[in-house]
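Both complexes shown next keep subunit A, but they swap its partner, so subunit B is in the first and subunit C is in the second.
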Partner chain A sequence: MSKINERLKKLHTIALVVALAVFLLVVVYEIHNLDNNSKRYLSEHYISEGVRETGAINLVTSVLYDYRAFDTLGEATVILTAAAILSLLVPVSKATMLGTKFSIIVYQTTKFSIPFLAVLGVHLIFFGHLSPGGGFVGGVVLSIIPILLTITYGVEFSESKLKPAKKKLVEDIGAIGFILLGLLGVVTGSNFLANGQANFGPGNTGELISAGLIPYLNVMIGIKVGAGLAIIFNSLIKEK
Partner chain B sequence: MEAAVWVIILPLLTAFFLGISKLYFKKILFPLVTGSAIIYLYLLISVSTNSYPPKVYSVGGWGLLGINLMVDPFAAMFLLIIAILFLPVILFSLKYIKIDKHDYFILTYLMIGGIAGMVLTADLFNLYVFLEVTSLSSCALVAIKKTDKAIEGAFKYLIMSTLGSFFILLATILTYHLAGTLNMAEIALEFKELPFKLKSILMALFVFGYALKIGLIPLHAWLPDAYEDSPIPYNVLSSGLVMKAAVYALIRVLYIIFGIDFLSESGMLAIGVFWGVITFIIAHLLAFQQTNLNRLLAYSSIAQIAYITIGLFVGTDGGLIGGSFHILNHAIMKGTLFLVIGIFYYSLSAINIKDIKGLGYQFPIISFTFVVASLSIVGLPPFNGFITKWLIIEAALEAGFGYAAFFILVGTFLSLTYYLKVIVTLYTKTEKKIVIKDPGLSLRLPTIFLGSLCIVFGIVPSLPLSLINKIPQFLLDHSEYIRILLGG
Partner chain C sequence: MINLIFNLLMIFLVITAFFMVFTKDISNSVIALPVFGVILVVIFVILQAPDAAMAEAIIAAGLTTVFFVITINKTEY
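Take a look at the complex of A and B:
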């Protein structure tokens, strides 16, 4: 009896998934039949005017940090919330250290690759408005450094080098800095998080110091995301 | 209109500073929290009194290219609820919360920031982002006690709320694909030419997603578990603000983007009213069986939010006024009830109905507040609950939903039975119980303040009604809202 029940349950799940898939296919098909190419003026405006209006060559950055910077603040807050929740609810229990022994090749490679990762992360953050990259990506690359340290050398070593409190501090400074930079727009008589509209001097497009506040906002998001992800990783793992 | 954006960023800033203070200056918690709450109160009142005519604030100064915030009377009414609830709850929590105090306040402030963002934004994706901030911090607050029950409730809540978010995100993506913009006014204009079938599908996705977050039966299963073992001041904010914010967002999306014509044409209004009736009947019956006071109040919240749903889905001026006024009243009444339970729990760890036997003689004023609030939530005159129930019944009769009006009366009797059960237990004489901790003024005052508002708003309903009466003008017919948002 129970076997039949289990099979029915499986069948039920499959039927649900299939139904949802068919539903979505119908929706996509319906949308496909519509002629809505004329409704692209917003994205066309971003593409044609984005560089001139914001000064950032990377259009993704110009949308993320200028046109829709308020969403970025919200998303950064989501990451901060997640990090805060994990460090609250999943306390790292200091179990006895049996040690994770790797061969010397692993240790040497880790040591060797950390400076490169740091340079890559910082480059992605600082050149976010000029080339592919940006605060989120750069932050993820930077967060790999403590994660690598944790995996190869263990939690204790990694946390003695980069203390959890310091990471939390960096994360909070990143978030506060983002809001303070946004308030600069208010101070100069424009709106919150204004950049292209507030005449911070777009500079010569293509140079490192250009595009107004965007590079600084990138730095703030970069350190915030990097620290946040490092906190999340270290909260989730446990040593045995 | 700088104040509008401050309403969102002040709680966020406070939360970030609390994060730093947790690491290095633990002692500044009290001045930081209370100072920020008092400034926030001033901000909320100044923004909500300046809401007529509605004002638009363009974040980043991009106008229609970027994100806009809009303060209209509906948003102002919601900000007023935050203003009424927030300071009392913060003062209550400062004494009530003992463990993980910093984390509790960080998450609470993040949640309030998220709610304020949901209320003010006029951008569909921005709404989703703040919805995520709100749900995530809300889930964590459920689990903050780290007991088995709390973790279980939080896990259920997280799964269901993520499922709801998934549907909302899907609908948002499809909407952007179809309209090419995320500004609510522009979407509304684009949607006028969309085929009926596609619009219905999008509406179904939105409704299902938000109904999961509101907890309409049968999508309510997570809700009582989430309330059972969570900190009680959080329950006040959850039933008063988090669930209401989902209702608010749903109404905003339906009335502004889809428009009242489409809603009545597609039968959504009738479905909403019917769904509300089913929900409150079942919720009342389930509430009757509960022995845990938190669970009882949770089911009662589901039922009350169903009344709000009925009011808002009737689709007339009177319905919108009654429904929105009930959002305000329910926040106050349920807030009072939860705070009283919080005091009992704090001083005697009494959480089941049988534990509070005879406490009416030991805590005379607090128990009287409980009686006032529960009679008010049942809907007896001269309290505020009576007025809004009256308005909702009247609106339902006018719009031809006679059965809804009839069942609201039935529901009143059902709710009277279980609230009377609690009140009778409260005033049954037993031997005196030993009070472990004295609740003190800082727990009593917020409770009595909220309880007295039940009477004040019952006797002088014109006080909030002067603001609430302006809501339908910008919500029922979306053309005014669209005109203002487009900058005309």
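Take a look at the complex of A and C:
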């Protein structure tokens, strides 16, 4: 009897997976046929007019930080809230991580890869409007640095190099700076977080300082996401 | 040629996903997650979506694995 029960349990799991697969197949098939009906005027507008209106070559960035910048503000606020609540709820205690001694290879590789990670993250943030990448991805790359330090060398070393108070300050600068940059659009007589509609001028398309507010918004989101994820990780590792 | 590679990668994606769900050892499951991510990155590049590929690479290989490792460490598995 128990054998049959176990078989049934396995069958149940497989049936669930197959049902989900069929459902996703139907959904993807419907989405695949979307270009038959003519509801794509918005995406066609973005593709044909995006570079001229915003000045950013990377159309994904132009949607994220200009047309739909308010959504980006919401996403960034989620990380800020998570980091704030975690650092409030988790009690301040000695960090305990079940010890694993690494070999010297791990320590040396970590040491050598950290400068490359820093350069890659800063490049992704600064060239977000010209090449693939952007503030969010660059911030995650930057946040990998304290996470690697914590895993290989321990929490004490990581927090002596990058103080938690400084990380919180950087995150707050990012959060408030994003909103202040958004209010700049209101000051110049347009909407909140307006960039292409306000008269900042897109500049010479393709240069580093161009596309109005987008590079500065990228920097703000980058430092905010990086510091926020580092705070979340260090808070979680301190939790008993 | 590119179609062949694309279909092979899709098959590997399904195999990795099934392995991740049905394996007994939880560490194997966690380490199979970045493999899944790497295959997905190549698929994204073939589909000409470098933005999504970059986000997938750094989040799957860097962030999610690290968080899972630390969770397993905390639960004294």
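In the analysis below, the second predicted complex is superposed on the first by the 194 of 240 C-alpha atoms of A that agree within 3 Å, B and C clash if a C-alpha of one lies under 4 Å from a C-alpha of the other, contacts with A are read in each partner's own complex, and residues count from 1 in each chain.
In this section, a contact is a pair of C-beta atoms (placed from the backbone, for glycine too) under 8 Å apart; a residue touches a chain by one contact, two chains touch by 3 or more.
Computed from a prediction, not measured in an experiment: that's the story for all the values here.
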| item | value |
| --- | --- |
| First, second, both or neither for A:17, with subunit B first and subunit C second | second |
| First (subunit B), second (subunit C), both or neither touched by A:58 | second |
| Partner chain(s) touched by A:136 [first = subunit B, second = subunit C, both, neither] | second |
| Subunit C versus subunit B, contacts on subunit A by residue | B |
| Touching partner for A:45 - first (subunit B), second (subunit C), both, neither | first |
| Partner chain(s) touched by A:113 [first = subunit B, second = subunit C, both, neither] | neither |
| Which superposed partner A:144 touches (first subunit B, second subunit C, both, neither) | second |
| Contacts of A:236 with subunit B and subunit C, given as first, second, both or neither | second |
| Set intersection of subunit A contacts, subunit C complex versus subunit B complex | none |
| Subunit A residues within the subunit C interface of the complex | 13, 17, 58, 60, 97-98, 124, 132-134, 136-137, 140-141, 143-144, 147, 151, 229, 233, 236-237, 239 |
| Contact set on subunit B toward subunit A in their complex | 2, 5, 9, 12-13, 16-17, 19-20, 22-24, 57-62, 65-67, 100, 103, 106-107, 110, 113-114, 117, 125-126, 129-130, 132-133, 136-137, 139-140, 143-144, 146, 151, 174, 177-181, 190, 194-195, 197-198, 201 |
| Complex interface listing, subunit A residues touching subunit B | 27, 30-31, 34, 36, 39-43, 45-46, 66-71, 73-75, 77-78, 80-82, 84-85, 88-89, 165, 168-169, 171-173, 175-176, 179, 182, 185-186, 190-198 |
| Residue ranges of subunit C in contact with subunit A within the complex | 18, 21-22, 50-51, 53-55, 58-59, 62-63, 66-67, 69-70, 73-74, 76 |
